[in-house]
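In the two complexes below, chain A is the common chain; its partner is chain B in one and chain C in the other.
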Partner chain A sequence: MKNLDAAGSNSLLEVADLEVSFASSAGIATVVQGISFTVARNETVGIVGESGSGKSMTSLAIMGLLPPKAKTTGSIKLHGEEILGASERHMRKLRGNRMAMVFQDPLSSLNPYYTVGMQIAEAYKAHRGGSMRAAKLVAVDAMGRVGISDPQRRVDSYPHQFSGGMRQRIMIAMAMCCEPDLLIADEPTTALDVTVQAQILELMSQLQNESGTGMLFITHDLAVVSQVSQRVLVMNKGKVVESGTTEDVFSTPQDPYTQALLDAIPRIDDPIRALKKVEMGMVSEA
Partner chain B sequence: MSMLPVGLMAETGEVTAEEGGGTGPNRGRSTTLRRVTTAMLASPAAMLSALFIVLIVLVAIAAPLLVKLSGWDPFQYDDTAINADLGGLPNLPWGGVSAEHWFGVEPQSGRDVFARIVYGARVSLSIAFSAAAITTVVGVVLGMLAGFLGGWVDQVISRIMDFLMAFPSLIFMIALLSALPAGNRPVLLVVVLCIFGWPYTARVIRGQTMSLAQREFVEAAQASGASKSAIVFKEILPNLTGTIIVLVTLAVPSYIGTEAALSFLGVGVVPPTPSWGQMIATAVPWYATDPMFFFVPGLFLFLTVLSFTVFGDHLSRAIDTGETSK
Partner chain C sequence: MITYLVRRLLAAAGVLVLVALLTYWIFFALSPDPAVMICGKTCTPDRIDQIRATLGVDQPFMTQFFTFLGGIFMGRTYGSGEGAIECAAPCLGFSFQTNQSVLDMIAERMPVSITIAVGAAILWLLIGVSAGVISAVKQGSWWDKAAMMVALSGISLPNYFIALVLQYVLVVELQILPFPSTPAFGEDPLFWFQSYIMPWSILAFGYASLYARLTRANMIDTLGENFVRTARAKGLSSMLVLRRHALRPSLTPIVTMFGMDFAGLLGGALITETVFGLNGVGKMTSDAISKNDQPVIMGVTLMAALFVIVGNIIVDVLYTTLDPRVRTKVA
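And now, the complex of A and B:
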């Protein structure tokens, strides 16, 4: 569709040596330490790791939404174009249009004051312009595509009239309405129960197949990542400790941290155990 | 797609159950409005206050008409209603209440109290309403700027607010108003009330904006490419509506009170323009011989301030219940 790749490679997003640090009175805290990865069109890359491992900071860095006091170095390229350090104005054009984001908590991600239709329409109109009426039609269509029944009627409903799963569908509709090239999903299923989670994952991969969107899927849930992604990055303490195809990482984990994580997945035939302790030295060497 | 329909049915089922009453798709804002109205209608105190507020506002608007009806304008002297031999006390008992002068007459001059109350309402309400409108606009804008932008903008605005709130404002107002030329006193009063009034609105708005700005829908709006001004005015401001309405209804009585206090102290509205506080001040030397003259403006001032306060309190409670249950 859009072949803007300068290098001729088919990678949509290229992150190289990304480093994010915060200066505080206690010194400099580096929360992301020189990570590199790529996402291709129609590919899903999973980032897994525990809380505080730098997953979300990575995604916010890509969107250019880090707080101003964060110091970011390295390179982030979207379609070969460097976007790290791009002007706020330029980033605003990219956000929601070329790259979009789905957040963890669908309950608080929607503005309680507006109807869901209004919110999808606004997101569309911000980039594509046109009349409110036309945007509203796009919203109805988008709601239909994410599997909301009777979108014609539900378009005028308020967020509190939807269940959690439905709200996450709305968020996905909002993120996808401008047909972005890259979708960053930051723990999109964490706040949902298991059955709804499965439906949302199904929906996301279905939409991805239709549009060819590249997806960066951030989660701490290994089961989810094994379902959706082709490649996986395992992050710990701001570093990528292991990366590879999902199959390789899951079947033959090399890093002790990854092994510990996989070991910690509860099994129905096994008694409950605590997370195996990983020696600090082993992790930082990797 | 194979597994979707089943799940969807489960979810839509859930949604219809949620709808309960089945009042159709367009609930949301209209339900909030309806819920608040129902709560207000159910409370006799709130309804009585509302009734009194409406009455006073109508009286203030229709003042020239009412005065025509009663036959006396507020500046007209009536020598026949007072007794010069008694130092100007009204001829009739109860402050001279009669079919001619409905609320009695002013001692010494014989001016009609009803007409002065009616015109006084005009002055008091227009000063209080304008001051409330201006402080709300200024307070909301500065409060949102401080809360949303944070950093040095917040520092500057917050320090100014601290300074103004810590200031002995009444003393300063008295000093300022007595030093300034009388000129257009009502306008001066509004300006002075605004200078010291806006921090009270801004402080609340700043706090609420800070907590709203942390909400994920603001981040979501940012992630979909919304500009800062769009976030402030389209995402945050509408969510502040309830707070702003309550702040306005509670600001009005405090300005009515302050205006009355300043006029009472002789630095407010200049005679012969009537104002309630000034009438009370004039009545002080007569409280023993003509208590009615003191009582009438006092009662109006008291009831007006009480009505606004009770109404504002009930409104804030009615809106809050909805917010917490959301």
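And now, the complex of A and C:
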């Protein structure tokens, strides 16, 4: 894991020994177990892992959006400033402003009762102030930038009047409207079909190039992560089992779990065979 | 939108005719001979026949029903010759007990029922919805537990029981309030308020309990929605997240329920009015039932059905402004 600290002090996001646990009557469940990584400006770090591996909990912990009963320890620094344990008031100033998030299911992540323009505008207004009318103009501009045609008219449409891909573009416009330093994308393309998925990935990397935003890209899709990220962390059962540059991890996987994951991808040049099972016993119990 | 409305109104008219047919049939089948009731103790068979002919109850069922229905739209004449009685549209007939026009009887008592319904509705909306919201936000707290306990008792305790206990404690023992009555507002507003506050509270208690539980459940559901998480991720204040993103979706189902409950109450708060002896439509209905006064029961039933149906249509139209997804479907 040492190689991930290579980004050094100019890191945008530094996560160290992050641990998230939930206490219940059945005992304490630790869903994230001491993970560490960094994200630099203009860099994309991918987190891959299956459902329940703790990747979404990691992203919610960074945003400070975990449910109150979650216990978080370790350190999360944004621009060198410790934000783990910061007041809700302070976190509110960071959320949507310095760091923003795009979620998996754009339909349920947008409020069906308000126009998309209003929902983008309120994110801008919350941090930059000004009138709702001025914020709406920003929303029109943001919608144009994410490739929504005729944004002046579409700004007053409701989420259900858009297709899945367009909705995700709106989520991205909303996340990017305050030009955050860090964008956390939690399975942003999972709910979309493959062609739309490619368009969204292209849009995200284009926006990243324009703004220099650092990105934490969370997915279970190895193909997607190999496409977008420079570095990757493989998570399983709350632990990082392998990390390194995307090229290294994909070409010479060290951990048996990573090897099994990569091996499970069906290849077009392979003879037809049954899908391989990823054994849970493969996890290196470090 | 207009075709939608026309369709709804036509359907409403159909439902009303059906309700009328059903109630008319029930009383036709179950009631004792109205002519005997009207005629009284000293009565000759000739006189009974004469009354039957005047009321039209010597006719077959469907003829009677259509005469009744026709009376509502075009008015009707009871009897013929010199003793004929005109009843202008909308004619709901005359009470067997008092010979008063049913329409006049309803109109006379309507203001009391409206006052009771409006006052109670304001109370239960204010108390029920805010208690539900606070309970949902402070889920599991002592407030939540206490409020839900009170709400459960409000749903399970019969309101005539609470009414009698309250009346005994507040009016008879402590003498804080006057006996509930129906004074006019203009003469003495304070006395008017004091006279109505107990019926309002009793009626509102049951509804507020229901609304608190419903609001709490809706609110907890909505707070778990992804779009609420998005709102928080945008950095909105918790107050704004609650008010703008959680409250509105939680309240839309409440609007539907309120429309029906309120419209239903306009047809008279039967128990509350009877327990407190308030002369509204509800008490009139209960009196009419005990005396088998068929025209009054018919009139009140039809009017109540009309209120509920109209209330329903208003709610549905309102829904199109409340929920943009419905708006698109209707337009």
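Just so we're on the same page, the second predicted complex is superposed on the first by the 263 of 286 C-alpha atoms of A that agree within 3 Å, B and C clash if a C-alpha of one lies under 4 Å from a C-alpha of the other, contacts with A are read in each partner's own complex, and residues count from 1 in each chain.
Going forward, a residue touches a chain if its C-beta (ideal position, glycine included) is under 8 Å from a C-beta of that chain, and two chains touch if they have at least 3 such contacts.
The structure displayed is predicted, hence computed values, not measured ones.
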Clash or fit (per the criteria above) of chain B with chain C on chain A: clash
More chain A residues in contact - chain B or chain C: B
Which superposed partner A:Gln161 touches (first chain B, second chain C, both, neither): both
First, second, both or neither for A:Pro112, with chain B first and chain C second: both
Partner chain in contact with A:Phe103 - chain B first, chain C second, else both or neither: both
First, second, both or neither for A:Gly49, with chain B first and chain C second: neither
Clash with chain B (superposed arrangement) - responsible stretch of chain C out of 7-15, 25-33 or 61-69: 7-15
Where chain A meets both chain C and chain B, residue numbers: 63, 65, 92-97, 100-101, 103, 105, 108-115, 122-123, 126-127, 158, 160-161, 171, 174
Residue numbers on chain B that touch chain A, as the complex places them: 1, 3-4, 7-8, 10-12, 14-15, 18-19, 25-29, 215-217, 219-227, 230, 234-235, 238-239, 241, 326
Sites on chain A touched by chain B in the complex: 63, 65, 92-97, 100-101, 103-105, 108-115, 122-123, 126-127, 147, 149, 153-154, 156-158, 160-163, 165-166, 171, 174-175, 195-196, 198-199, 202-203, 206
Of all residues in chain A, those that touch chain C in their complex: 63, 65, 88, 92-97, 100-101, 103, 105, 108-115, 122-123, 126-127, 158, 160-161, 171, 174
Residue numbers on chain C that touch chain A, as the complex places them: 225-227, 229-238, 240, 244-245, 248-249, 323-325, 328
